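Common to both upcoming complexes is chain A, partnered first by chain B, then by chain C.
What follows is the complex of A and B.
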């Protein structure tokens, strides 16, 4: 089977779906291939822009501050690429980067407004939501169900950590203790916390109750009322002003559920940031896909880009494989947003790191070729530290148009763009920048691709 | 210093296979016994071994040792059958000339086969060989078939320690011996640093047994005695699933034998043998060791690289100090050295001999202290091996899957019913915490209450927690919560436990990072750093020996 379009996006996580939506919105015929799961769906669903500089210990209080620092220190960071505009004055570079990021965030917030994952927070400041471990982390936007207006500012706030019996993903007593110790150490509210455990048994069994099962259960009518009945006396007993629940409030009806719960128990309810399998991550993935389709994009799930044809410096066709069919897709431009090791954009063995679709040049954190590195040598001895592991900064490096470059430093193909975690030069885990880089680079790559397609046409 | 007037007949230093066996024997013979272990039970050498309680096949030049090994296998099968598995093994050959030189081992193996209840060694045709193990190279010209037993080394040590406790011994983990009290050069007491309380303590001892494995010379040195060992490094690679149907033992690139053993839910590839002078605490497998093992096995199992390496482990064999011979020629026997100052040390030995070693040293202790009760360690069952367990019936009664219960049985035998009883009051404790193994919450709670773990790593040794394909990515935080709750830990300690466990897992993952493991590690970083923000945690985290340096 053969298909034709203006833009083919390879990869359906945050980066690819943002890029595809922007193109579809601009009126281009757009096809997107997604072979399987995305890191986006594993994420906690909070959208980080930039939390820390690598190896630094003070979080940025605003994304703007962080972007300025990145632009100054890491000229090849995906955020910094935005600043390479023809004829730009040096003093305008940071503004350009900040402006593009703000535009992306504003645009994304608007686009997700009516989906199952509407966003709260804004570009002006970083926020510090609570995780299921009882720690906090800097991020910029969270889904509305995950947001608390005044928990950490209101002097008299009292927080009730609520878990579910048989759900091992979250332990309310341990999280409560960990969080309270932290608040006492920094001397800020809430100064009182408590914990309780509720019962839901989606399939009548009191054990192995997964987060996704609870969320599906709460999507059903009246199950939230039952929860409210259990929760209310606990809230009253503690005098709780806020209730923290693990991220399980529903897949489709989470917003409604939050409101219903709050109405019935008289306290603010929010979801914490959690680990995969992540309900908010799933909501985000589904919402982004809906956004893409609503804007006219066409999506082929379970299709893997496997080979390509390149003539005269230009890609003309990409072949995709699905379990029962194979097809060639012709396009004017292509965006590669296949993610990192989880997404499958990069793979590595003892002989080096490879880009999986086009065999593009990969580089290390120091921008040396990563084609022949031994992965273990690009790791640190310490498992978890603000230095991270250089192996997670490997990937593709770009020209100012967001096109991957080859060994000579020029674009590998005139019509291939790239975005997201497949890019080199940043370690999202330590920077806290994952979905932010994916969205902003997706947005930027699409802008360049759209310009290119319009010029060609 | 905290002085204590308690006086022990015997103080055993070291909680590996040897030390726990000694403590058990001493306690069973009625001695007031104390075991001091600087870390956890089975936290050192024994935890890095293959767990093969072998027929002694490799040591056929030492017929006495082969005989001893075989007898010990019979004993272990009597006292600890619930933690033992039998593995068929194939040694395939691609070249007839590899075989001819040395066929005596067939005879020496078969000589003791009957007592171990295994068939005599057999020769198989290429067709029969490939039928048993289709992954083998098609050029195999014939193979040798035999059977060996494997024991869970962690459980063996722990059960020996628990049994010692049941017979009145005291077991103190996280207590590091730092010196002796002597009068006229004769030991009167043992001085140790208690890492849990942060205090230095002293207890009186009539006799001290030095079962500190590779650290034995250091302990001997504290008493003014000299002791020499030949330390020899061995590394293993662990693959994510049971790659082969049976154990495969082949000639490596340098002519030594290496093996590929299906082990629990994984496969073990080993081992290397390198004389070492490094600190055993900071040892990790090297790139060369990994490639040596992979390339060697690849000559017989060409598709080996399709499997994912989930980690490596490296340990040090505390061999008898025979020099000027290759490692393989050093005696696998052990020596008991009486320093004549109240201290008795071991050199050499193996896991399979631990009970025998204990009997030998306890006989000496008995003579010295004038006690003539006989050794019964080869007769009395270890905890859990008192009777058979009907896993099917238990599964029906308690509503836990057969698979999970079979794994539980392999750790605990009859004691598993105590765990299942807990789920009557707490059905939610049937929740699976580690899905790779699998392990349910009730077993974790039981282990915390009954088996004195202090950390998640201690729980790992007791339960195989976090040892499967995901290397604890998904169970670390869940199990840490349970541990915190049971031990009533502070929030900071909860986070330290997570960091410590990730550090220990990373030690083994890092040297072999490749393939799908890159995605697995991205996930772990995504969880604990990106979301959990633990890379920024300000808790008091102590760097581990292998994390120091550049």
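What follows is the complex of A and C.
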């Protein structure tokens, strides 16, 4: 089986799907290979742009502030690369980065508007949604079902944490306690919270029910009404103005369900951020795939890029392997967006850290070769540590056109671009920048690839 | 005791402990389990979990991290491991390519060997049929009746009858598979119509025998081997260049055994053959003239064995072909690639689970408001057709091979 296209995207998470959509939208024939699902589907689904500087304890209140700081301190951060435009004046660099990021976010919001995961929030400020632990975390965009307009600003707000019996992911009383203590400490509303537990039995038994089962159950007709009936007296008893539920409001019908619940109980309902694998992560993944397809992209799910042919500094073909077929795909340009260790773009073993498709040069957070770094020596002793893990910052390093470079500092192939978590120079887990970097670098890499293809065509 | 004796001794103790060492061809599957990062993405996608809940079917992750890890106690998983439809969804979404459907086969094989009493009874019955007739269904006793049934089907579907071609040598072997050979005969006939129309040099087997997939799925390695060997001999004797089949299960199974047993010839689905060997242009010009059919609005079901066990590209071929057929409007269903519940031999013993799985498809098919569902597999056709019928739906179901053959002009 052989195929041809303008652009071949390898990897189907946030970075690859954003890049592919942009290319398909520009009229290029685009094929995207995806071997499995990974970090994007696994995430909490909140799109972080930039929350913290490494080592800092205070979050940025706006993405703009964060991007400016990154550009100043980390010149090789994927966000900073956006600023390397031919002939740009130094004072315009930050504007360029901020502008491109804002464009990406505006574009993404527009594209996801009519999917199962429409977004709330905007580039102007970071928001601080509540997690299922009762803590808050800075992020930029959340799905509309996860957004509360005025919980933390309205003086008389009263919040009811609602859990489900038999669903071990979320303990409403612990979350309520943690959250209230935090709010009291900073002296801001809500000043009253409560908690309750509802019963859902997707399969007739109120125990051992996972989040995704509840979500799927709520996709079915009439189950949300049943929930509203149980919830209403609890809301009235507490006088709640807001209801926080774990992220389970549905896979396909979450928006409708939120509205139905609100209409029936007379309070605002929103989902908290959950543990992986979370339902909003799944919704985001599905929505991005739909976005790519409706813009005309072709997707080959279950196909893994395994080898390539490179002639005269240019990649001409990539081979893809399905369970029982193999094919060669010829393209004018390629985007590598294979993610990190979960996605499989990078792999680490006793011989070092490798890029898995092309064997590209990998570097560390300090931009030394990571080819001989032993992963176990490149982690912190504490799992969740504010310093993160150096291994998270390993990956590929780019030229200003978003092309991976080799040891000499020049592009490895003239038509290979790269985006997303496979890149070096940032640790999403401490910066809170994962899906943002993926989207913005995907957008940027695609722009360069599109220009390249239009030029050679 | 010398080394060889020691080896034999250990092997014997293993046997006593009811442990079968992994065969070399199973090692890759076993090793894939080591890569599991316990992320749980697979559980969110498993259609059986979605249909009956983790409490009844603990799901793919549990197969990877628990059920696969206790060789002598494999038998204790019997209530769960026969409920997997082998749809391959978990393997496809798994970031680490853990080969869970094959782990299931491997566990079933151990149970089959050491605790046959725990294998669902209906599978033993199936095994008897397979070992007696080398087919997954009891063949028709009366050949005349079989032909009558065939002719009735052809008449109902408006398909011409093409004489069976059984040659000593040919380019292509048309392998209909058990379902199309014994039950859905119209599919076998339709494939003949298509190959005949495009003047393909093909032959059928003079003595059709099963590819061995059902034996593999129940864990009966012995019968699986016998069937695969038989088929290889038949294929070799014919000196053909390609095996063409109309069944999704046969496509993946034949691809697998032709590779493993070094047939040296590829096995493809008729859709691949049409798209790649015949070419879309030829199909286009052949079907242009057909005016016999009124406009029809169809939706498609993608068989697991094509999309997740072979390649998703094959159903893209299906869409390419459908979209160029005159008067055919295609609407994709939301659950086009969701398992129909007919796989993994589940319906043989736990029909309630199979039915719960196909429910998802039923609802999505109704939503498309299509008047017809087409699917390139006679087994999926049967599973979906009978379930749609039971829900009182007016949507009709056609095997895609039949649907295409109907639209070719009659050769005279």
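Rule of thumb we're sticking to: the second predicted complex is superposed on the first by the 457 of 457 C-alpha atoms of A that agree within 3 Å, B and C clash if a C-alpha of one lies under 4 Å from a C-alpha of the other, contacts with A are read in each partner's own complex, and residues count from 1 in each chain.
In the analysis below, contacts are C-beta pairs under 8 Å (C-beta built on N, C-alpha and C of every residue); 3 or more make two chains touch, one makes a residue touch a chain.
The shown structure was predicted, so the numbers you read here are calculated from the model rather than taken from an experiment.
After superposition onto chain A, the modelled positions of chain B and chain C overlap sterically. When the two structures are aligned on the shared chain, A:327 is found in touch with chain C, with no touch to chain B.
When chain B and chain C are set side by side, the one touching more residues of chain A is B. When the two structures are aligned on the shared chain, A:216 is found in touch with chain C, with no touch to chain B. Once the two complexes are laid over each other on the shared chain, residue contacts for A:276 go to chain B and to chain C alike. Of the two partner chains placed by superposition, only chain B is touched by A:181; chain C is not. Contacts of A:369 after superposition on the shared chain: neither chain B nor chain C is touched. Touch criterion not met for A:237: it reaches neither chain B nor chain C. In the superposition on chain A, A:298 makes contact with chain C only, while chain B stays out of contact range. In the superposition on chain A, contact of A:135 is made with chain B only, not with chain C.
Touch criterion met: A:392 reaches chain B, while chain C stays clear of it. Overlap of the chain B and chain C interfaces on chain A comprises residues 42, 207-209, 276, 342, 344.
Chain B contributes residues 287, 291, 305, 427-433, 441, 474, 477-478, 480-482, 484-485, 490-492, 494-495, 498-499, 502-503, 505-506, 510-515, 518-519, 521-523, 525-537, 543, 546-549 to its touches with chain A in the complex.
By the touch criterion given at the top, residues 1, 35-38, 41-42, 202-203, 205, 207-210, 212-213, 216, 252, 276-277, 279, 282, 298, 300-304, 322-325, 327, 342-344 of chain A touch chain C in their complex. Of all residues in chain C, those touching chain A in their complex are 37, 39-41, 43-44, 49-50, 52-56, 88, 91-97, 252, 255-256, 259, 272, 276, 307-314, 316, 334. By the touch criterion stated above, chain A contacts chain B in their complex at residues 39, 42-44, 48, 52, 57, 59, 131-138, 165-169, 171, 173-175, 177-182, 206-209, 273-276, 340-342, 344, 346-350, 374-376, 379, 381-386, 388-389, 391-392, 428-430, 432, 434.
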